[in-house]
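As written, the chain order gives the labels A, B, C, D and E, with residue 1 at the start of each chain.
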Amino acid sequence: MIDLSIRKQLGEFGLDVSFSVPEQGLTALFGRSGAGKTSVIAAIAGLLRPDEGHIRVSGRTLFDSASGEDVPVHRRRVGYVFQEGRLFPHLSVRDNLLYGQRRSPVVNRRIDLDEILELLGIAALLGRRPRDLSGGEKQRVAIGRALLAQPEVLLMDEPLASLDAPRKREILPYLERLRDELRVPIVYVSHAIEEVVRLANLVVVLDSGRVAAAGTPEELGERLDLRPLLGEFESGAVIDASMEAYDAVFDLSTLAFDGGRLRVPGNAGVIGAKVRVRVRARDVSLATQKPVDISVQNIFEGSVEQVAEEPGAYAELKLRVGNTRFLSRVTRESVSRLGLRTGSRVFLLVKSVSFDRETLSAAPGIASAGQRGHG
Amino acid sequence: MIDLSIRKQLGEFGLDVSFSVPEQGLTALFGRSGAGKTSVIAAIAGLLRPDEGHIRVSGRTLFDSASGEDVPVHRRRVGYVFQEGRLFPHLSVRDNLLYGQRRSPVVNRRIDLDEILELLGIAALLGRRPRDLSGGEKQRVAIGRALLAQPEVLLMDEPLASLDAPRKREILPYLERLRDELRVPIVYVSHAIEEVVRLANLVVVLDSGRVAAAGTPEELGERLDLRPLLGEFESGAVIDASMEAYDAVFDLSTLAFDGGRLRVPGNAGVIGAKVRVRVRARDVSLATQKPVDISVQNIFEGSVEQVAEEPGAYAELKLRVGNTRFLSRVTRESVSRLGLRTGSRVFLLVKSVSFDRETLSAAPGIASAGQRGHG
Amino acid sequence: SAQGVTIFAAASLTDAMNDVVKMYAAKSGVGVKSSYAASSALARQIESGAQADLFFSADDEWMDYLEKRSLIDKGTRFDRLGNRLVLIAPAGAARKVEIRRGIDLAGLLAGGRLATGDPASVPVGRYARQALTYLGLWAFAEAKLARADNVRFALTYVERGEAPLGIVYSTDVAIARGVQVIGVFPQESHSSINYPIAIVAGRGTAPVRAFHGFILGSEAAAVFQRFGFAVR
Amino acid sequence: MLTDFELQALWLSLKVALRSVALSLPFALGAAYVLARIRFPGKVLFDGLVHLPLALPPVLVGYLLLLTFGIRGPLGGWLFETFGLRLAFTSLGASIATAVMSFPLMVRSIRLSIESIDSGLESAAATLGASPLDRFFTITLPLMLPGVLSGCVVAFAASLGEFGAVITFVSNIPGETQTLPLAIYSAVQTPDGDAAAARLAALSLVLALSGLMVSEIIARRARMMLGGGPE
Amino acid sequence: MLTDFELQALWLSLKVALRSVALSLPFALGAAYVLARIRFPGKVLFDGLVHLPLALPPVLVGYLLLLTFGIRGPLGGWLFETFGLRLAFTSLGASIATAVMSFPLMVRSIRLSIESIDSGLESAAATLGASPLDRFFTITLPLMLPGVLSGCVVAFAASLGEFGAVITFVSNIPGETQTLPLAIYSAVQTPDGDAAAARLAALSLVLALSGLMVSEIIARRARMMLGGGPE
């Protein structure tokens, strides 16, 4: 739904970025400070005119240097949450929030003021001026303003950077709903890996103005060469499963996947719902004898497919359980001590507590988020 | 070293905060957006005049409504990293950086430009103007500017919010060194729990302008009532240990603590150095039979001191190994299945991979950070 | 201004004309509007189609200017008033002098300036230049002039002691309290000082002609004399 | 307390000055916006043209106005024939003269405040769907308010004091074009006119102060709204 | 190409205008700062005082200057006795007259730009150890630059065009006080002086344009430095 290829010279900095996101969803722009993330977003919004290239969103051409097309900013219908707020100082919070909504076609008004006020916890601020707001309050109003503009594409430049964790945890599912229910494509810049991993369908890694890599969070998580760019971007495997049962006494769901059953905390949805869970490599321990009487609930038998030693103390192993692939991160010492190599039979110990809400998300294309339990 | 008690009315918002930090160190201000964190910092800097109260830092009275003392801002010698940058638009990056240094007494110049340039990766930006910088670049310059002012107290309002993880990981140890070697007290606002946990000697939790709690990260981590304020503030135990051996082949250090030996990745320092490690509750699995042939390296025998069931799927257990206290977070189902209760003998499985650099820090008062390996 | 009468008069006639207008209104019931400004400005305004019925100039030059352009009714032009050129000094400061060729102007000025109207633009300055040339003093005095834009300020210069001497009309002295006349320029030293009046071309309606007549009449003459003008 | 003559001049001055501000404001807004935001060849020349009335002696400006807007001038003739409008020698003409004279002052003020607006806010408005005109009226203009206000105050004050251009363009007709400065001029021409002149000058001052006071109050409101400085 | 007379007037105008700007700048900075940042009783009165020269007819201002700075005036007498300084009829006096007349314009401009400065930057400078004076010179003043520059340009242009106050205070002495507007005035007052007046007016225009051009160049630099608008 986003097809972008732009070149632009900014002083000594050359931006040359191309990527395309075929399906509806959230594209995360990731990269070190100064990599060009904001520049890409600004180009989509029409605030930075590329020297060359094209930008298409949801089939609409916003810019094309070949045909000379260049849709004016105010007709692009983007919702842009700026890195630096940019609230209108002369308007009240209410008027800031409604600025975009008032200019949106009435038929498009799917996002509602009251809903946004509650989501962002800013109902009490409506009568204030931006200068009387705290940093996080400003940022929340900026998010609300962009959402209420009823955008056809949402551009978010580190929107949650200065928000507290509980608030983040309220906003993230909302963004997922936007993506899935209202099918608004989102381009999202963040340095917080958990956010990216949770939300992104596609991660585009920028480095010095160029695309260093692009792929799903899982694909990139497995690429060791990207570590210097991604930092603690944690590797992990994504497992497609379906909801099988919910145990209300212990608040645990049982999910079936190709290779076994996983028990995860909370209610993961209606019976039969497809869910996707992420198992971080560091949450998978390995044993060559099946441990007993242990708190770890999920123990699977599988085989080692590949052992990748990293510099430092760790090694990363690819494992297979049935037809499902897992990743495990253990010390090199353990690999050596247990004699693990390709083909070894092992037991995987997956702590159920490592399934937190942030790695549990509805399989794309299934708008099940609304029914999911919030345990 | 910081003794603060202030009252201030801001519109409808009433600030009434008192805390005192007896020892040198880093005080983290934590709390939801709008709780009053920035206001407290601004009061210390002298930019917000309390209606009443006093502020003392390192024995110096900066403000006292009783005696009428009110040291002017420019004599307070604070290094303030503002939530919104505030770089001087008319000065080059170099002149921004040196603005404070040029005004600091020469004898006080312990923080060096070159060091800061390297730490923050901004050497290439020296000749630029702030408007040509990216968001993260601006923030780094702002940090450098505050540090180079050679402050006697450092006030940092979400300084790392928009920085990438690799950069954060370079800056955090530097802040620790400032705190420990130069003995600069730091007041630090952050929503990133890992940062707070790593750095803070004292955490002050603000809620609606009042102190909701104050204590070490560990103390607060154990308080379930603070969860709504702290969010995913992860519980864990802090263990004081001393460096015993380093295995260069597997890049593992062995640390001795009262109750056993821990193997942690990387070189944790010179032999004999005191180190402090943090073991997160979620990284401790429990077993009633000792597992064998398992990748987990650290297995200790201990006893259950207390079982605290939480709402939801989890329970948290306090455990004792020798004279050392550990925390463990497992599902309630596991507690029931293994029959765990106060007094139970258990084996603790601590994944060595769960000791990452961010939970490994020099014991306060020992300036060993400089020699620590950066594996 | 359909029935009313509008007169454009030189600023130096302000007070005298105000009295004349008042007297005329009392007598005939006709209100007269007046505009006082520099003769040059008034002439240009009439040239540009100002709704003036009469022009009362402070010199011949600007009346000639209009006449050349057929903007006044030639037959109604009369030289109405005359004036005398006098040398003034701050009140109480100096004794009288007789103005003749060879007087010690340099000594009287004692390094100071001679205040008068700007010879380029103000009538009194032009007459002063003629007189000083006639007296053989122009070469010396030209560089010593303090050229005011308006007689009012030439008077002020003298009154405030900025200039020890000034050349103004005898009628002007009344405006300032702090000056005294110390000498009168001989008539022959300059062309006669003249205030011509005329009706603007095409505006000679009956009320205008009546007021024109009144200005030329004896009642008005008495007023002008009271203000120190010589009546022709 | 005030004579009819003084009241007349006072009222006329107020009328002339207010109308002058109203007249020049839209043009000044346009010119300031163009100068602050648009780059085009010959901009300095345009800038010079705007400043012209400031750099020329007012009498000359008045004279040029007379040549242009007089009944025999190109524009004045057209105006008269088309609308039956006469400018020279009317109070409307006086407003035009003061408007022209104070125009550069107004433009400068407004331009300065446009230049100090963070253009990022306009960009933000654009992303929210505001067209250029919409942005101008909802973002740029309100944020310019302090400058516009300041420009109006200067123009108002300058209009109150304008003499040369007015007397040359519209002459000195009591009740019609004789504003306070012209009345002062006439008073100074008469013996014992100093007292009258002083009274008139005081009136002028009071008028200017009132204007300032009103503007200060509006400005304070505006500043509070905009969340500006320490005041 | 230019006659000696024209050259003389040109040169004198330039000198008078530049000196006038230099004279009023420090006072204007002070007054603007006080008006923008300090709250005190009687502020409106002070503001009014600053605007006075704008609201009064220039001729009256010249007259008041004569009364104050004349040899018998309170200030003029003191200056003469102490420094042997005479202002009336000198080009210095002309500069003072134009400085007084353009003072309110300069103050307005500067004040406007002070008010648009983000006071957070000054707070930041304070935390970095800058005393109030230090802050003023290293932060406030540079950020005010566009306004100061704009104020100087307006003041320069206004000084070039100032007529009434100059001719009244220092009279019209060729080579000493006869600036371009005075020369133009003289020419316009002569029945056949139109051509000469036009030439002089053109000179005045060129001078004003040059000033503007120089200021535009400086302003562009300053704006680039400050990272302002789209230009």
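One rule holds for everything that comes next: a contact is a pair of C-beta atoms (placed from the backbone, for glycine too) under 8 Å apart; a residue touches a chain by one contact, two chains touch by 3 or more.
Owing to the predicted nature of the structure, the values given are computational and were not obtained by experimental measurement.
Listing every chain that touches chain D and chain E alike gives C. Using the average of C-alpha coordinates as each chain's centre, A ends up farthest from chain E. In this assembly, the chain whose C-alpha centre lies farthest from chain B is C. Centroid to centroid, with C-alpha atoms defining each point, chain B and chain E lie 57 Å apart. Distance between chain centres (mean CA atoms), chain B to chain D: 61 Å. Here the spacing of chain B and chain C, counted between their Cα centres, is 91 Å.
Averaging C-alpha coordinates per chain places the centre of chain C 35 Å away from that of chain D. Multi-chain contact residues of chain D (touching two or more other chains) are listed as 59, 63, 185, 188.
Multi-chain contact residues of chain A (touching two or more other chains) are listed as 84, 132. Counting partner chains per residue, chain C shows two or more touched chains at residues 150.
Touching chain pairs in this entry, ordered by label, are A-B, A-D, B-E, C-D, C-E, D-E. The part of chain D that touches chain A in the complex is made up of residues 118, 120-121, 123-132, 134-135, 138-139, 142-143, 145, 225-227.
Listing the residues of chain B that touch chain E in their complex gives 45-47, 72-80, 82, 84, 86, 88-90, 99-100, 103-104, 129-132, 145-146, 149. Interface of chain B with chain A (complex): residues 10-11, 31-34, 37-38, 83-85, 128, 132-137, 139-140, 157-158, 161-169, 191, 193, 228-233, 247, 250-252, 263, 265-266, 282, 285-289, 291-297, 312-314, 328-336, 338, 349, 351-354, 356, 375. Note for the complex: chain C touches chain E at residues 38, 40, 61-62, 64-65, 113, 115, 118, 120-122, 145-150, 153, 156-157, 160-163.
By the touch rule above, chain E contacts chain C in their complex via residues 59, 62-63, 66-67, 70-73, 88-89, 164, 167-168, 171-173, 185-191.
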